[in-house]
Each structure stands twice: as structure tokens, then as C-alpha cells.
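Dumping the structure here so I can ask a few things about it.
Residue numbering begins at 1 within each chain, and the chains themselves are lettered A, B, C, D and E in the order written.
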Amino acid sequence: MSISVTPWLVLACPLAGMLTIALLGKKLSPRAAGTIGTLAIALAFVFAVLTLIKLQALPHDARVETTALWDLVNVDGVKVQLGLYVDPLSTFMILVVTGVSTLIHLYSAGYMQTDAGYVRYFSYLNFFVFSMLLLVLAGNMVLLIIGWAFVGAASYMLVSYWYRRDTATAAGIKAFVINVVGDIGLVLGTLFLFKTMGVLDYGQLFSGAHTAFEKDAPELVIAMLLILVGAFAKSAQIPFQTWLPDAMEGPTPVSSLIHAATMVTAGVYLIGRLHVLFEWAPTAAAVGAIVGALTLLIAGSIGLVMTDLKRVIAYSTMSQIGYMIMGVSAAAYVGGFFHMMTHAFFKALLFMAAGSVISAMGGNQSLNNMSGFRKALPFTFGCFLAGGFALSAFPLFSGFFSKDTLLFEVGARGGWYWGLYVAGYIGAAFTVFYTWRMIYRAFWGEPCKEAQVVIETGHAYHPAEHTNPHTGDEDDPSTQEVEDSEVGFPGKEHKYAETTWQMRYAMIPLAILAVIAGVIQLPFGVTNVLSSFLEPTFANTIVDYEPDNSGLEAFGLALSSVIAIVSLACAYWIWVRKPGTSAAIQARLPWLHKLFINKWYFDQFYSIFVVRPVVWIGQWAQDSFERVVINGALIGGTSGLVKAGSAAVRALQTGLIRAYAALVIGGLSVVLLYFLVRGL
Amino acid sequence: MTIHLSIILWLPAAAGLLALLLPGRLARWISLLGSLLVLAYAITLLVDYDRAAGGLQYVTDVVWIRSLGIHYALGVSGLNLVLLATTAVIFTASALWTLVDEPDHGKPGIYALLMGLAQTAVMGAFFAQDLILFVVFFDLMLVPFYFLIVIWGGPDRTRAVLKLFMYTLVGSLLMLVGAVTTGVMAANGGEPSFLLAELAKTPLGSTAQGWIFLAFALAFLIKMPSFPFHGWMPDGYSNMPIGVLAVFTAILSKVAAYGFLQIALPLFPDAAVEYQELIMIVAVASILYGSAMAFTIDSARLVLGYSSIAQLGFIVLGIFAFDGRGADGALLQATNHAIVAGALIFVVAMLSRRAGGSEKLSEMGGIAKGAPAFAAVFLVFSFALLAMPGTANFVAEFMILLGTFESKMTFAFIAAIGVALAAFYALRFYISAMHHRVGAKVSSFELTPREGLVVVPLMLVVIALALYPQFALKPAQDGTSKAISAAQQVQSSGSDTNATTGGPTP
Amino acid sequence: MSVNWYLLVSAMIFTLGAAGVMVRRNPLVVLLCLELMLNAGNLALIGFSRMWGTGAGEIFAIVVMVIAACEVAIGLGIIVALYRRRLPVDVDELTELHG
Amino acid sequence: MTFLFFFIFAGFALAGAAGVVMLRNPFYCVLSLVVHLISLALLFLLLEAQFVAVAQIVVYAGAVMVLYVFVVAYVGGGDKPDQLWSASPRQKALAIGFASLIFIELAIAILGTALSSLGTEGATLSATYGSPAEIGELLLTDYLLAFELASMLLLVAAIGAVALAGRRGGIAEDESNLSPRHGAVHTPSPAATGSMAEGVSGYGVTTPLPDPQFEGRELQQPARAAAEDDR
Amino acid sequence: MSFSLAAAVPAAPVIDWAGLSPLLALLGGAILALIVGLAGPRTIRTQIVPLIALATFGATIGCVISLWGQSIVLIEGALQLDPLTLILMLVICGGGVVATLLAWRDQAAEDIAHGEFFSLMLLGAAGMFVLIASRDLVTTFVGLELLSLPLYILCAARVREERSLEAGLKYLIIGSVGSATVLYGFALLYGATGQTGYSEIAAAIEASNLATDPLFLTGVAMCTVGFAFKASLAPFHQWTPDVYEGAPTPVTAFMSVATKAAAFGAIIRLFDVAVRPAAEAWQPIWIAIALITMVVGNVGALRQPSMKRMLAYSSIAQAGYILVGFVLITDLGVQAICAYLVLYSLGNLAAFTVVIARERETAEGDNIAALRGLGTERPALAVVMTISMLSLAGIPATAGFIGKLRLVEAAAAADYAWLAAVLVVLSVISMAYYLPVVATIWRGETQPGTDAASGVPVLAGGAAEAEAASGRAGWELTLVGVVLAAAVIVFGIIPQPVFNLVASAARGLGLS
């Protein structure tokens, strides 16, 4: 199998899986559907590995392979092929995507096996993987946009998976529309590029950019900023981040797959993919880096106060992606993608573990109600710890190395990048706090009643009736809207890791990877698997910085370790030793808490300045404009005029002979007058 | 192989007549057979059309009214080739729909006849290579629809159809005057000829072009409909029977778009350039207004109605970019939108069948529960409607934006807002019908085989176009490049003279 | 006596007849007023005939006389028929047809 | 002399015309018209149109006016003269306004024309002008068709007078003359059919007219029943 | 004395009997009908007399065809037999044939007796011939009266009905005002030029430079008003709706087609020949009249419950359209008028046919309610009515569209495209009264209590209609309707024969 075939097979596997599951439909048992879905992705992973092997077999400086099936568009100078672009970066991406996806499919096969919509679920999930792979492998901007939008659509479908929840559909539509805004940014940016360069293929774009544009040319900067809009929207960066927390309405494996490991990193991939253009437009790149830094701080701050378990992880994701965006925008490619990879492992793991806890809680996601699951869910607890250490960049865990590589590369550029470097370390402290707050509150303390149930019966707690936690008071199910579906959330019988082998076997490899994945790229050049692998892609970078500043690297490692250990200790103090402390801090700084808990008021801002005006305009158009202008003035006016004329004609038509005669004679006098005037 | 366009043109009418004459229970089958024959013929055309050679093929040219110099001239070119096949597809779907929901009142023969006449008239407008013939068919299209609505329409049909009729006739009759004047002026005292090819050779003076162009534009914009000429649309759409509405919304608006490319631009290039921005403003206003209306209105039909306003806005925008890519995109979008909008009309009817007869979104909800396949089909059409990348609609909108971007960047940016709005209203439409809690009167059931027969082929067409849009784009390129070349020349020469004289654009 | 004078008289008769049609309600009198208008035309014709010295005007006048007589006959016939139907002999009451 | 005659005749003609318009009793109106017609005939004489003048008196003032007098007597327009002559002030003003406007316009045209011969007594006349011979010649040559058609006009008038005023078109028609469709239905003869007997007894003048709508309904029922029997 | 007479004896006028044959046929037929109408047996009166009328119209058409293409002056310059005359005579005789068939079993013919009824119709047609062929003021006036007087009588023919008599009297009074106006106008024309022949008048105008003379122009003004009145052009149209509504429907049908054709023929002759040198003066006023007529006709017809009244207003509007062809003063314009008259008549007569049929079949009279449910009850008539309405509305593939197209083309060719635009825009209003008729026919439901079956009595006019409201109208109505409707469609699709027919219409008028 040549390298021009394997990427197609990578794409074909999930597509085939999706079609098989969708077309067979309810004829499949849940288990069969899960198996088909998982196997399809696993096969894709195999082909991805094959692709890797073939790629590595190519000469070092020719590790780019383009392959096309047919022309989608080929008119008037616009040429878009159904073509792929295989290079180390995309290969790296498909490996991560298919690898993590396989595990998550496996997890889902356990977690969702009692959900009535399993057919739909697995076909969506396979479709999502297909879309993500299309995005990654696309060989030109149009195909990229297609994959980009497919991913958005799949995300929408999965977020709205429990479609009879109004909150779920609202979250789905929000995610979709913001993603479409991103798509439009991407489209417009592409149009800008096309206007000047007249090409859409990556290869031609990269090779032609330097001749087509001046460095930092306004046209290029605008184009790249528009493309950044796309990246921000997909990667939940400020100011397009609001959809991500709401997207936690989806099933937890979905959060694990698309809101942690794959889709949200698409923005990172995009910036890395187009690094040639971004480097040629440093202004745009700087904007990207700064937005990333802001996001990591703001999202981290919100993560500190959220009480919904999944949302804490979601904000954590946002914050971590802020690191990556900052990194790749600042040309810290290896660090960025390294962190992306480790993040995929430990964040997917964290979501899986959280899913297990939520299952055990009977669907309740509020940290306020959880406590003491340490004993009830030992396996889950272990995995959560592994993920938590990695996330908080505890020394020697994978996250530690990846984050440090990233921050080191950023700091090494000097200048104003030092600001980003500092922000990164402040964010690191936030990370530790919210991570361990979550762990302490869920697993330490006295077992809550749900944990008691698990300990005593070995089965998950089942509430009498399911309620939607996103309505009413988050912590009081009696105020919440009762779910109207027999579908169950997620399913009639809740599955948690300790009792479900698929979930366990999915989590174990991730837990291991979360701990040890750092070894592939150790500091001081001890290992450089990743950097040397990605090197052909980024060989043409024009950013010049000092990679061998070992002093800085050592300082960073030390700083990071200190932050991790000290913050962990503080967190232990606050949430375990002196449980009232957090409440005290909250009382001290009410405005800050209010700012954080309201997510910096972004939702309110959009509601007031975007959603309401648009809805108002629509209502106004419908209630007023349509009625008054279109129906009233245009139609009513004309028909009114005609009716008035009709009435006048009839009013004159009295039936009185004398009146008729008078009109004839009157008319005669007028006509006579006219002719007299003509004559005289 | 010789193909006579007259056969395909009159075939539907003949089938309709046959249906009228034979016993009533056969009517719908004959009608279906007729439309399938036309479809087969149209596919033959698609295959047989010499794409490499391009240009006008299968020409029929007979003098029709000698005294007026009017010809019965038909032909197939890149402009109408695909639209023709689309027409056949939609009419076939509409004929299939009678198997699902036969119009009552015991006049199936008349229904079949009128639909046949409608198809003949629509195809006539596409085929016509003579200006007056085009206008005749353009006006004639309306007549069968009048009867279809009056006999089988909704409760307010008489008023609604009258409004529709008068509204559209204002435009199309002015167009008639414009057309006649064009021929008479072009003849310059000699024997007039209305053959498009002849007329394009001798453009009129710019003053005459001005008002004639506006007459044509008015006719087309009303027919589409376009903001602010859409006053007939809400009532009209609300009162049409489904099979008729599908055809109406899918095809008739496209005749108008086609008219711009086939008639208005080649014949009145100076005026087209002069009024370019005016028309583009109308187009953009249509996009925004249509979208804004579509995401607040409660009636499912009208969501589609207003979305059509927006989509047609895109098409006009693409045409008036005077850029090959924009025009290609517009033509592709015309095909796509025809299929998608037509299909969604049937979907509305299916929703209504499941929602206790109501077509209000607020009374639907939760329909997906018992109908996953239906949900999937509907979702595909919804995505196509919102021009999600990956559908041919996206390719079309991309091309339109590309074309517009080249000439009028501002319009492209504003139009892009419409894309986001489309995402919102299309999903709102889908979600409020299929998702959420189950509505009070909703009883969900899966796509019946007959329903599937109507919409699944349409879905396959959507997917096929998505996979290979070039199929429709290639002939379009051939047609549009000719259509816009005159306007492009005017534009470039205009800018040249401005450059030398420094004067403002007239 | 110049022809002008005759014409002025004729114009005045025409005017009187026209005014009569407009003010009278009895159809019989309306018919009389119509006679006046026709006669005004006749006077003008005879005057012009005299002016030009050709007989055409006279012929015309004779023909008009015949026509006037015919009109009267028919008009009276309708009035009698109306009267027979016990309908009001008043043009203002004949407004069944209007609008 | 001509001058004097002109003013006398013209004065009578105008007075007669004014009388037609203004007198309340239609009978007097007719008489006034006779005065007008005779004066007009005299004016014709002044214009040398002897034949026409004679014809005017014989045909018009004689025959036609007699017809008028008969009809006025029959119809009896004099019953309520006041009611028949009551234009509202606005109508009068309108009528006078329009009429005087037309007169002014005509006068301007007559006086403002460039035709010089209008101010003269007219062309020098041939000896035969206005004579029966000339008229006859013209009628049989140049205006033959008009002459012949005038006879057709008289035929029309005769038909019209007979058909409209004649009794056979009346309501009280012999049943046997009704069409079969009507004959199949028993049609009671309603009151107030305009028969001479009614005229003598003063029906319709002194007694109120029956309500035609009521009559219509009365007629309706048997007609409907009969029609249904036929089916 | 005898000597002088002998010296003065002129040559007897040359009479081209062949050329005069249409007139002679009509007059002869009229007299024959009158005489046969006196016969005793009822069958002869009710069957033979209409047959004679039919034969007469047929013979006249035969005469017209035999004279086709000729251009001759008859009887000392009184009449002009040219293509215009012949074409319009075809329209009139066609209308006559249809009207005869419509009147065959009509109550109106019963009321004033068949002989009288049909002979008056033939005499009226003769008057029309004279009017359109006339090239002399005297003849024109005689023709005008020969046309008008029979129609006054025919309008009042249903002597047992108040409405009919009212219509007759109205028509007579207002018509006589018009006649008197025309007469005074003619007198002034004669006075200004000293001529009665049309071409002589034209010559005199140019010779003595009269085109701006007030006296002459006053004459033109009065002729304008008089003829506008006869052709029922606004604002001199007011008699039309009332008379059309009150008159017996076959008479209305005849008037709407034949009178209009005759009036326009006379207008074309008088204005395009006799006073054409003053065209600059009269053209604007005719344009104004055309505009007012189109507006008034179209808005007046809206929401009229009476079909006849609606058709009356519609015929006013159509007259306005025709006038557009006239004001162009071009060859094409005259051709367009003739074509329009031919094509418009078909649909118009078809509409009246159905109205008559429903008058006889239902108790609703000519009310639009009589058409309710026609689509299911009488599909043939429903189709006829539908086609005729579409044709009147000017929908493509009908004769009416072709007629309008021809008018528009003529206007465009004469640089009056704006007038054509006004025409079409105003004709859009006409949809608002034609289409509801179609809707009424085809809409499924009938409103309870008002349809024929429920037998609610009709209020106005009463007895006769109600009595007639049983059974089906005669076969001849269906036949006439179907033939006319078929012709509408055929000429809508293949109009070239009509255009060939009218191609030479303006020959002899000397227009550009």
C-alpha cells in the first residue's frame, strides 16, 4: 500500500463505520454497534500507523505527499480537488486522533450501552472522527473548510444528542452557530488569500506566499486574522469561547473526544498548518498569541469557581488550549503540539473518569453534592489522580514536560514574549488549584449518599426521576425540570468504570500515557522524538530563536515544579485541612467571585449585543416592517389607491341621467377649452 | 442521435391532456409516467450534450409570428442544461407526491393537466431562445399555478393567488413592453427579430437599455421573490398545495435567476453595469431581511419562503458580480436550492402529517423520536439549506462570495453575515420540528415508503452534487462566461475611459 | 347680417338645450331639449351653407330633421312603454342601474 | 330690414328655447318649442334656405309636434308639474356653469376664427340656392346614400314606436302567445299592467303601486314547484 | 324652366352594386326578416326569422370576402370600400352571427317580436357599415344614427322589464346628447372648410392653414367628445355600464363588439383622414382620454357583482387599450387596432355566451353567483368562461395576449413605449376582476343558500329570470361558446392569420 492510498483508507474507515451503523440501524445490538464503531476507528489507527511508516520511509526533506481523487471545482481559475496533504504534522494529528478516538469509542461502548439511541450515537461518533480526519488531511483550503464544518456539524449533533432536553439543543445550536461564524472567518480569509494568490492548494499557498505578499502586508494580516477567527471559534478561545461549557450537555465520552482531545485542538492544528503564512504576517500571529494567553488566564480563573464537574474540566480545556494557541502562534510548534498530544491523553482520561463519577452520582454533576468517592471508586480515583497530576504539570508527569517545552520556547523568543511566559506560569498556578479543588471535593471527605450506595450495593445510585441539572438550582434536583424521555441520561442503567470493562480498558492506556508520554521529548535534548519527527513540516520556519538556552530551560523546570508543589499544598490546605477557607475567600472577594462565576459576563455580553438585537430585528421585521411597509405601504397603498379610484368611479356612476349628461357636457367644455388654448 | 426539444417541451402537457381524458384514477399514474419520461429525456440530454463544444445545441428555430418577427426558437446551452434536469427532477418528485397525498376535489385529471402545463411552460422559458417566446412562457407559467391554487389551495387562496398573480404580472408585463421595445428598436425600422442571438449583436442605446433593464429586473426580482417585492410571498406560500408549492418555490424562482443570465445581462450590458450596485443592494437586503424573517417566523412554510428570499439574494449577488466565478456559483446555487427547497417543502408536509396537520413550528417538536431515518433525511436537507461546507450549496456560495469578493468586497462581507444567519434559521427549523419535547398533537412515525420515494432520491441528488459539483459547474461556466461577457466588457471599458478622462462612473 | 350672428344664436340654443338636459326631470321635456340641441346644429349648418353658398349644409339639415323625428319617435315610444309599466316618468327615478 | 327681422326671429327662437327649458308644464314646453321651431324656420328663410324652412314648419312644427302633444296628453306629465321641475340649486349652478362655459367657448371660437367669410353675409349665391330643385338634385346625386338611408331611419323609427309603445309587448299579452317555457307555468297576471282600463280607472295614479318585490315572490313559488314537477 | 332644368340635369350617380352588396344584403335581410316576422305560425317567427338573420350576416360576410382586397369609392364619394371597412365588417358580422345565435331563444326577441328584433339588429349592422365606410360628414352622421337608433330600441327590447326600459331611455337621451355634439362638431367642420367629404376637408385644412383655427378646432373638439362617447371612452363612458347591464344580454354582446368596432372605424376615418393635418392638436387630448379610459374602466370593473356590468367596464378598459393604437397615428397602430378588435371580440363574445347561458339556467341572472360551481355543473361552459376571462386579461396563449402584444409592438415602434407600459400596468388591475370570476367557477364549494339549487329568489327584475331558471340553456350557446373559446386559443397560438387579415388595414389611409 502506497502512501497515496493509506490516508484515504484512514478516512474511509470511520465513514464506512458510520454508514454501516446508520444503515443497519436498529438491527444492530448496542454491543454490535459499539464494536463496529470501535473497530472502524481502530482500523483507521492501523492505517494511520501505516501512513507513518510509509512517510518515514520517504527522504527527510521530501516528506510531503499530496494525493487527489477528482476535481470538486475546476472553473474560471478556481481549482479545488478532493485531495489530501500528508506530511509529518498531519500524520501526527491522525495518529493522535485515531488513537485517542479508538479508546474513547471503546469507553463509549461501555458507557452508552444502555442508551436507547446507541445507533445514532455511534454513527455520529464515527462521523465525527471522519470529519476530524478530513480536516486534518485536507489538501487545500476548501477541503479544510469542509472538514472544519463537518466537525462543527458532528459536534452539534453530539452535543444535542439528548435532543429532547431544551438545554442540550440550545447548547448544540450555540456551538454550531459560533462554529459557523468561525467557518465564515475561515472562508473570508481564504477569499482574501485567493484574491491575491489565486490558489487554494496548501503547497502553492506556502510556496507562493512570500512572493505574493510583502511581509506583514495588510491584506495578508487581514486574511490571517479572519482565519484566526475560525481557529478561535473552533478552539473556544476568547471571545468565541462561550459555546464550550454549554457543550457539556453532551454525553461525557463526547466531551472527552471532541471537547478535550480532538476537535478543540483544530485551531492549534490550523495555525501550525498555516505557519508559513502566520510567520509572514507577524501581527496576526501576535494577536493569536495574546488571545491564547488571555484565554488561558480567564478560563483558568473561571475554572476555579465552577461547581459543575464537567464544566471545570471544560474550562481547564479552554485554558490548556490557550497555552497551545499561544505556543503555536509564537512559533513554539514542538511545544504546542507536544502539549496538544499530552493534553489529549490526560484530558480525555479526566473526562472519562469524571464520566465514571457522574454515573455513580446518578447523573448529578455538581461538585457540591460529591464527596468521598475515594473508597467507592478506587479505579476511577486512580485514573483521576494520574490525569490530575499530568494536568497540573506535576514534575515528571507528561504535562510537566509538554508545558515546559511550550513555555520555554515562548520565553526563548524574548522581547514582549516574556509577558506570555509569565502569563503561562500564572495560569499554571490556576491549573493546579482548579484541578485539585476538583479532586479533593469529589474524592476526599465523608462519602456522600451516592457514594454510600456504590460502596454498599456495588451498583450506581439511581434517582427516582431524572432531572436536568442545567435548569433550576444546580444543587437541588427538586427544583430542576424533570426529563421527559425514556432514553435516560445516559441510559437506564448507569455504567461506571469499576463495573464496566470497556471503560476500564479504555482508561488504563490513557492513564499510562498521561504519566509517561513526556518521555518522547525530554528537556535538554535527552529525547527529541517529536521535534525531529515534525522537523520537515516546520523546517521552513523563518522565526529565529535560541533553542539551546539551557539556563532558561532549567529555570522553567524549577519554577514549574515549585508552582505545582506549592499550589498543591495550598489546595490541600484550603479544601481538605480547612474546608471553610474557600468560602471565606469567596466572602472576602465577592466581586471577583461574581466575575468568575458569571464567566466574565461573556454570555451576557453576547446576549445583549448580538442575540437580542438580531432577534429584535427579526421580530421587528415580522411584526412591523412586513406589516407596515410591505403589506401596508406597498400592497395596501396600491390597492388602496385602486380601491379609492374604484369608489370614485362608482360614486360618479349614480344612475342619474342628468348627472351623466352633465359630465358629458362638462367634459365637452374641458375638451373645448383645451382645443381653444391650442388654437389661440 | 437527434433530439427534438419540442418533444420534451410538449411531453408534459400531452401527458396531462391524456390524464384528463382517461379515467380519473389513472390520472396520477399517467402524470407520473409523463414526468418520468421527461426526466429520462432530460438525463439523455445531460449525457448527450457535447460539453466540450458547449454553446447552443439541439436548436429548433421556426418562425412563429411572421408579422412580429417572433420565432419559436429553442435550444440547450450550458445555462439551462442543468436547470432543465432539475426541473424534471422536481416535477417528478411532485408527481410522486400525489401518491402520498392526492389532491382531492375529485379532479385528478385536471390536476395532472395543470401540472403538465406548468412543466411545459417552465421548460419553455428555459428553452426559449427568442425574447418574446421567453416572455410568453414566463407569463404562461403563472396560469396553471393560478388554477392549481384556486382549486386545491388553502383557505385564503382566492385572495392570495390574486395577489401573487397581480404582483408578478406587474413585473412581467412591463418586461413584455421592454422586450417588444428591444426588438423594435434593434430592428431600427426594419423587420424586427427577437432572437436572442440577433439582439445581443446590436445593443440598444444606454437610455433605452436603462428602463428596459429595470423592467426586466423588476419582473425577475418579483418572481424570485426579492426584498422588497416579496409582498405576495407569505400569503401565496401559505395557500399553495404542497406539490404545487414545491415546484413553485423550487423552479419558478430559478427561471427568474436564469432570466438575468440569459436575457438581462447579454442584452442590456450597459444598464446592467449602471445598476449593478442597486441590484446588489437589493440582493444583500434580501439576504439579511429574508434571514431575519426566517428565524422568527412560526410557520414552517414561511421559514422556507423567507429563506428562499435570502438564498435568491445570494444568487442575484453572484450574477451581478459580473465575475465568472460568481455567475457559476449562482447557477449552481440555483440548481442546489431548487432541489433542497423543493425537498424541504415535502418535508414540511411530512412534518405536518406527523404534527396533527399543523405547520406551525411551535406546535411541532420531538418528531425525531419515532422517525430516525426521517430525521436523518431532514438533517441532510437542513445542512444543505444552510450551505454547510461539504454540500454543493457551499461550493456555490463559496463561488458567489469569491466572485463578489473580486469586485465588491463590502457586499461579500455583508452577505457572509447571511451565511451565519442561515445556519441559525435552518437549525432552528430542524430543531423546533424534530427535537425538544414532543408536541401536544404530534404523533411521530417513520418515513413511509411512498414518502421515502419522494425525498430520498432528492437527498441522493443533493449528496451526488456535493461529491461532484463540477458536474454542474462545467456547463455553467460555458454558459455564464458568454452571459456576462458583455457586461464585463462594458465594465472594463468604462473603467478605462474613467481612467483616461477622470470622470465619475456614469 | 353676417353669419356670425346666426352662429351665436345657434350656440346659445345649443347651450340652452344642453342646460335643459341637465336640469329637467321629465323625459318628455328632456327630449324637447335634445331637439333644441339638434336644431342648433341645423341653424349652424344652414348658416354655413349660406356662407359657402353650397347646398351641402341644407341637405345635412334636412337629414338631421329626419333623424330628429326618428329619435323623438323612439324616445316617445320608450316613455310610453315606461308609463305602461307604471314606472315613474321622471329621469331621476330611473336609477335602478348604477354603480 | 334683415337686421330687424333677424333680431325679432332670433329673439323668438331663443325665447322659445328658453321656454322649453324653463316652463314647468310639459305641455307648455311643447308649445314653446313650436314657437322656437317656427322662428327658426324664419331664420332659415333669412338665410335663403327656403326649402328647409318649409320642411321645418311642415315636418317639425307640424308632424312631430303633434306626436308630442299626443304623448304628453297620454302620459299626463302635467299631473305634478312641480315635482318634475326641481333641480337642486347645486345642479342648477352646475348646469348653468357648464352651459355658459360652453357658450363662451363657442362664442370665442366663432368670433376668434380667422375665417374672414364668417363676418360677411355669405358667398354670392347661385340662383337655385335653397330651391327644391337644388335640394332634389343634391339628394339624388351627391347625397343619394344619405337620402336613401334616411328612409331606413324612418323605418327604424316606425318599428321602434310600434314595438315599444304597441300593446303586444305589454304584460297582458294573450297567454297563447307566450313561449312554451312560460306556458308551462301558470303566470297570474299581476296588477298594474298598464291596461287602458287601469288608465281610465286611475290605477297607479291614485292608488299606490303594488310592491314589485312582493309580486316577484308570489310568482316564484308556483314557478319553482312546476319546474320541479317537470324533473 | 324646362330648359334650364334640362341643362342642369346632372349625370345620374354611378352606383357600384357589387361594392354596395354588403349594405344591400343587410338592408334586404332586415326587411325580409321584418316581413317574415309578421307570419302567423309561431315556428316561422321563432325559427325562420333568426335563420334569415343568420343567413343575412353570412351573406354579408360572403360579400365582404368577395370584395376582399378592393379599394373603391362608392356612390359619389359617400362610402369608401377599403380593407379597413372590410375587416371591421367581418368583426361586426361575426358579432352579428354570434348575437343572433344568442338571441335566438331569448326573451328579448319574444318581447318585441322576432321580426322586429332581428331586423333592427340587421339595420344596426347596416348603420355600422355606413359609419365605418363613410367618407362624408353627412353619411357619417346618418350612419351613426342608423347604428344608434336600432340599438336604443333593442336595449329597451325587454319591455316588461324596468331595467331594460331604463337602459333604453338612458342610452337614447345620453346618446342623443352625443349625437347632437357630433352634429354640431360636423357643422363647424363644414363651416370651417366648406366641405363634407373627408379628403376634401383634409385638403381644405392644408390649403387654408386651418389646423390652428379656433372654429375648426372647436369642431374637432366636439367630434372628439361625440365619438369618444359613442366608443364609450371615459369620461364619456357613463352610459355604458348602465346600458350594458340593463339591455338584453344578446344585445349587450352585440354592442360590446360591433358598436365598438364601428365607432373606432369612424374615429380612424375621421381623425386619420379628415382632420389629420391637425393631428398635433388632437393627439394629446386623445392620449389623455386613453389614459383616463384605461384607469376608469379598470378600476370601475372591480368588485362588480353583475357580470354584465363588469364586462361593460372591462370593455371600457379595452376601448382604452385600443385607443393606444389609435393615438399613434401609424399604419401599425391601425393594424393593431383591427387585430385587437378581432381578437378581443372572440373572448368577449364567449364571456357573454356563458353569461346568457347562466341567466337562463339559474335564478341569479347575470350575477357572478350564477357562475358558482360551474366547473362541476357545466364543465364545457366553465372552460369557455375561463378561456374568455384569460383572454380578456391578456394571458399568453390566448387571443387577448396577442392583441395586446400587437398594440404594445405598435406603440413601441412609434416611440410610445411609455404608453404601452401604462397600458400593461393598468391591465394588471384587470386581473383583480377577471380572475375572481375564474376562481368562482373552479372553487369547489358553493355557499349554502345562494346557489341555484336552493332557489333563493332574485330580487331585481324578477319574474322572467326566475321562470327561466330551470333546465339547461340551449345547445347553441354551448356550441357558440366552445367555437369561440377554441378560436381564442387557436389565434392565441397561431395568430399569423389574423395579422395577415389586418396587414392591409391601413391601406388607403395614407399613414406612415
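Here are a few things to note about the model shown:
In the analysis below, a contact is a pair of C-beta atoms (placed from the backbone, for glycine too) under 8 Å apart; a residue touches a chain by one contact, two chains touch by 3 or more.
Note that the coordinates shown come from a computational prediction; the quantities given were computed from them, not determined experimentally.
Any chain that touches chain C and also touches chain D is listed here: A, E. Annotation of chain A and chain B: jointly contacted by E, touch as defined at the top. By number of C-beta pairs in contact, C-E leads when A-D and C-E are compared.
With centres taken as mean CA coordinates, the chain nearest to the overall protein centre is B. Taking the CA centroid of chain E as reference, the farthest chain centroid is that of A.
Each chain gets one centre point, the mean of its Cα atoms, and the points for chain B and chain D are 65 Å apart. Averaging Cα coordinates per chain places chain A and chain C 95 Å apart. Computed from the mean C-alpha positions, the centre of chain B lies at a distance of 43 Å from the centre of chain E. Multi-chain contact residues of chain D (touching two or more other chains) are listed as 87, 91, 94-95, 98-99, 102, 105-106, 108-110, 112, 118, 142-143, 146, 150, 153, 156-157, 160, 162-164, 169-171. Residue positions of chain A touching 2 or more other chains, listed in rising order: 650, 653, 655, 657-658, 661-662, 665, 668, 672, 676, 679-680. Taken residue by residue, chain C touches two or more other chains at 7, 14, 17-18, 21-25, 30, 47, 51-52, 56, 59, 63, 67, 70-71, 74, 77-79, 81, 85, 91, 94, 96-99, whereas all remaining positions touch fewer.
If you check each pair of chains against the touch rule, the ones that pass are A-B, A-C, A-D, A-E, B-E, C-D, C-E, D-E.
By the touch criterion stated above, chain D contacts chain A in their complex at residues 87, 91, 94-95, 98-99, 101-102, 105-106, 108-109, 112.
Chain contact summary for the complex, chain E toward chain D: residues 5, 8, 10, 12-13, 15, 27, 31, 34, 46, 74-79, 107, 110-113, 116, 119-120, 123, 126, 130, 136, 138-139, 142-143, 145-146, 149-150, 152-153, 156-157, 159-160, 162, 168, 188, 191-192, 210, 213-218, 455, 457-459, 462-463, 466-471. Residues of chain E touching chain B in their complex: 375, 390, 394-397, 401-402, 405-406, 408-409, 412-413, 417, 420-421, 423-425, 427-429, 431-432, 435-436, 438-439, 442-444, 495-496, 499-500, 503.
The touching residues of chain A, when paired with chain B in their complex, are 22, 25, 70-78, 80, 119-120, 142, 145-146, 148-150, 153, 156-157, 160, 163-164, 166, 169, 172-173, 176-177, 180-181, 183-184, 187-188, 191-192, 194-195, 484, 614-615, 617-619, 621-622, 626, 629-631, 634-635. Interface of chain C with chain A (complex): residues 18, 21-25, 30, 91-92, 94-99.
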